[in-house]
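Chain naming follows the written order as A, B, C and D, and within any one chain the residues start at number 1.
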Amino acid sequence: MEVAVLGATGYAGCELVRLLCRHPGVEIAFVSSESHAGSSLDLVHPQFYNLFELELQPLRLSAIPESVELVFCALPHGSSAGVVPGLLAAGKRVIDLSADFRLRDPELYEIWYSRTHPVPELLDKAIYGLPEINREAIAGAELVANPGCYPTAALLALAPLAAKGLADWDSVVIDAKSGVSGAGRTPRQPFHFPECTENLKAYRVADHQHTPEIEQCLSHLSGGSVTVTFTPHLVPMARGIFSTVYLRLQRGCTADQLDQLYRDFYGGHPFVRVLPPSRLPETRLVRGGNYCDLGLRFDRRAGRLLVLSVIDNLVKGAAGQAVQNMNIMCGLPEETGLTQPPLC
Amino acid sequence: MEVAVLGATGYAGCELVRLLCRHPGVEIAFVSSESHAGSSLDLVHPQFYNLFELELQPLRLSAIPESVELVFCALPHGSSAGVVPGLLAAGKRVIDLSADFRLRDPELYEIWYSRTHPVPELLDKAIYGLPEINREAIAGAELVANPGCYPTAALLALAPLAAKGLADWDSVVIDAKSGVSGAGRTPRQPFHFPECTENLKAYRVADHQHTPEIEQCLSHLSGGSVTVTFTPHLVPMARGIFSTVYLRLQRGCTADQLDQLYRDFYGGHPFVRVLPPSRLPETRLVRGGNYCDLGLRFDRRAGRLLVLSVIDNLVKGAAGQAVQNMNIMCGLPEETGLTQPPLC
Amino acid sequence: MEVAVLGATGYAGCELVRLLCRHPGVEIAFVSSESHAGSSLDLVHPQFYNLFELELQPLRLSAIPESVELVFCALPHGSSAGVVPGLLAAGKRVIDLSADFRLRDPELYEIWYSRTHPVPELLDKAIYGLPEINREAIAGAELVANPGCYPTAALLALAPLAAKGLADWDSVVIDAKSGVSGAGRTPRQPFHFPECTENLKAYRVADHQHTPEIEQCLSHLSGGSVTVTFTPHLVPMARGIFSTVYLRLQRGCTADQLDQLYRDFYGGHPFVRVLPPSRLPETRLVRGGNYCDLGLRFDRRAGRLLVLSVIDNLVKGAAGQAVQNMNIMCGLPEETGLTQPPLC
Amino acid sequence: MEVAVLGATGYAGCELVRLLCRHPGVEIAFVSSESHAGSSLDLVHPQFYNLFELELQPLRLSAIPESVELVFCALPHGSSAGVVPGLLAAGKRVIDLSADFRLRDPELYEIWYSRTHPVPELLDKAIYGLPEINREAIAGAELVANPGCYPTAALLALAPLAAKGLADWDSVVIDAKSGVSGAGRTPRQPFHFPECTENLKAYRVADHQHTPEIEQCLSHLSGGSVTVTFTPHLVPMARGIFSTVYLRLQRGCTADQLDQLYRDFYGGHPFVRVLPPSRLPETRLVRGGNYCDLGLRFDRRAGRLLVLSVIDNLVKGAAGQAVQNMNIMCGLPEETGLTQPPLC
């Protein structure tokens, strides 16, 4: 099957190329880049020298070969919404890595992304691409909205509790820590090496655009209206998200019961690893891999449950999850092309 | 005034030497080290070559010169308690950087430090050395228990709320992130560079020994019995603690009122910087300095207040605070020797 | 084909498992560890949880299944020499990642490794496993001495010049920079995170044990007796070696001629990438991959050539090269299991 | 004495403020910034909040108070040359941290900086501000050209040999490694955190503009015409330069003799620390301090001497050296305001 990657020079796009260029079921037939059209991909990302050297094209829909069946949109928020309708009209299936089709309510989009959604009529068509929750719908989707990195980590931590009605939602605090690649590839002052190394900071406190995405999915799963406190932090490392989720339970529950609940919920989902009780997740243990590791701990003194989750923000938090979605959409085994162990 | 530093080769001891060797009011007359007795300090910490080269002594009380009036104990937990009684008996004033004299209740000490306190009768005598709360008592103290690094950051974030009865204590979550120097100078697997760099993890979840120290002080300030959830994380940087504190307030409060409350509480305390509402703290902005920067943010949607606090764990979280305490004990201006700006 | 990995918990052993557990031509049938015998590999290296969980065995030759045809020895220097004779006697082919069989002259071994070689009679049998130089001999070898990380980077930079007699050997300076994983997995003071991060230092100046290994191979290739200056430095990163090689040429040569010489020499060697003249190597561009990137630059003013080479010390500098050697020994395509692009 | 800092928001300017705002002999009366004129310095560099909050002025000479006696120019190369003549005409003494007045030959400036020098007549007036070589001339200077960071480290390594005619200049190779702050504060792709961390690379190989500055000073000291090979590398750390200098000596020399030569040469120069033979320099050991640490090693096998030197590029390599020059110019003790130990 032939695929295209739009926005191939950003970090998510580049990671898509890394995963797809060795994927046994697909061939990358088209890569686009606005900023580097005309060069070869390996000029921008020299790790691909001799390995994958396709020429970067400007983004014109007519230039995408007809033979391309599926398109990965790794464009900036806002740009995707301008391109996806044309892709669908041309009969391509689309996996969109931007935020443009994640929120079902166009008003929410307008509030959090400060722009009016240009094609609100497509929002119903988009399937939220978190396979551990939506696998069946993804299989038949024409348009998959690939989840954000923070929502992926937070939702996989909370989904089993949401599905079972176990969480006291008023109590939920999500304290998330991300590596700097999550901020994208464009150089800016806060991500300039000397101001990032040996530094930790919070940003967009109580104001991050991934908040409604998390709440929408939890509300859906729990059947209620969920509001959470979500705080992102910037950590001096390139990759990785660590989410520390705090909450109270609706009713008593033993550690064993919870452990079993999580194992049952994620049974058959190869990329979620519920860790044994003696272990805790670390971001390096999933680096480069498509895994989400989960750890559970009770704070018995304070009556709180902690769920710790880690992902590689560029893999399970972006490109890897997109490939997982593609596998599901195309009837391939879900792990195809995604089995390499993390690189520690 | 002559002072001694016991345990001068650990990170806190070394930082004491850095601050004291240029302090205009004191002279370091004695430095001890169990592991490196007989060498010169600059052999262990070569940054002091040509600058401060005193010979490291084995730890015998009789070897401490009589002229030494004040002793900094930067020994491991447990060792301090064995030494402090003798120091006091010899008429020295003591600032102890270990945890041995921080908890007033010997049973708590036994629970959290897994050993029986050898001199519980001294606990009443020890003054908890957080100057922003205890300045007057510190001034007259014979024995100051210098606070832990995590408690310093957490308590300075919460003290104004505790003093005013504003916090809903059941709601308090303290998510703390620390640089690796907090783990001490002894090489161990989790702190081996290749396993630490590009990694983030939580540790001692719901089980860290600084928890009761935080609770004791908050209980004292608020007049109640406070239990908190406290989670430490390890960040790939050498120095710095970032505390993200989540809580609900007991009663409504505007952002301006809270800001004023913090400014009033810390007025006259030169080392706590309540940031303007437009700014958020970052660990690098206090590196090497004795400052604690505080930022306040409301999550209006979820009805929570966030207090963000940063310190350099080795300065305001250990050696700098100890020097601040010494200044207070000796009637020197509180900032003496501690005015150099952070090193960004 | 079944293989064994002895010393599977060190960094090289762990990296062997990462590469071999997804290698289509082999099955790991046995893993040993002295320090962790009895646990499962994923307890020591939790990235393998759910992915590869073989139990670690103590190292007894009799315990290695007869069905194992090839053994990777990733044991400490000195230990390998005690084990390899037995493995060969049992009819196994061996790839030894230690230094024990790299030097052909047992006296050199004694000088640089401070121990008498226990089985000097095996040294003639061992093939130096740098495939770009020794591919044919490797194919038929019973015992391959896998090169050191520094020698791999230095030799690939210099081999074409050595083979063509172009280098003025008296002028050769090799200034090498390595990530900290090169120092192994055992925690020690110089590799403790707080003393490693934000630091650069040289070590074993004019005294590093990889020097004679480099000289032996260059002497062999050039037909003379080569002595070089080699200086290793420690860089605050986990992986990667960067070698900056300085030399004068024996005779005039254009940049084009040199470029062509390198391209000819490495034609047909998939893992050496001679970069286009406009580019320079960077360690991150080969991270996790088995590539050696080479860049050439003239300093025309000073009359010197610079050859810059980078590898991932754990892949092309250890485990990846070992797998490449195995592929050659077993008649598999040389790139089998080693084609994943670097992880940037 | 009142001083001004032009370009106070770049890294060198900011470091000047850090050192000068606590310097007992001066008061900062004026700070300029083109990009942030109108804000307070602490808005750009929040570490100064509450500590030093002067308003940043646009750069107009007439705005500099008459009471300012000495001006630090920390402007970009090219901008300084446009400002310095006016400052001198106004009777100010000037320490220029740019490269504009370092090269005495305007043709060299044109070749390496790709612009014609606008005021070549001032070049004779400028004193090269390396105090360990030029202390007397600096004392009386109106205009000091503060050395570049790389030249400072390289020249202090080589000056004693140059002065004694001991170096075989044809053999000199300077392999230098720098932290990222050396690239300045403007965000650019190669210094974006995710592309810098865990990476090592060379840049401007055989083409760096500090080369002629090094050669000019060595030529002057040795009385000949020196050409060197100089290669800079970028290291994933914020601060620090490590220079590994390789050379052959003109004549035999024992290690003791060399050690004595260096100690004699730097006797009375408090900021150069010739390390004992058993030690080697590390960048962290001078971080934040104005020291240059030197280590000497013979490679007896290859007949080469290695001189290893480290500095903090922003202190001894820029702002600290500028303050040292100011002290000399003003008749203050050379160490005034520069005595704080490095921050490890």
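Here is the rule we go by: contacts are C-beta pairs under 8 Å (C-beta built on N, C-alpha and C of every residue); 3 or more make two chains touch, one makes a residue touch a chain.
Just so it is clear, the model here is predicted, and its values are computed rather than measured.
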| item | value |
| --- | --- |
| Chain pair with more C-beta contacts, C-D versus B-C | C-D |
| Far-end chain from chain C, centres as C-alpha averages | B |
| Interchain centroid distance [CA atoms averaged], chain C/chain D, Å | 39 |
| Separation of mean Cα positions, chain C and chain A [Å, integer] | 36 |
| Intercentroid distance (Cα basis), chain C paired with chain B, Å | 46 |
| Residues of chain A whose C-beta touches two or more other chains | 179, 197-198, 236-239, 282, 284, 287, 344 |
| Complex interface listing, chain B residues touching chain A | 171, 173, 175, 177, 179, 195, 197-203, 205-206, 211, 227-229, 231, 233, 235-240, 242, 244, 246, 280-284, 287, 297-302, 304, 306, 308, 310, 344 |
| Sites on chain D touched by chain B in the complex | 14, 18, 21-22, 45-52, 197-198, 273, 275, 279, 282, 284-289, 293, 339-344 |
| Residues of chain B that touch chain C when the two form their complex | 11, 179-181, 185-189, 191-194, 196-198, 236-239 |
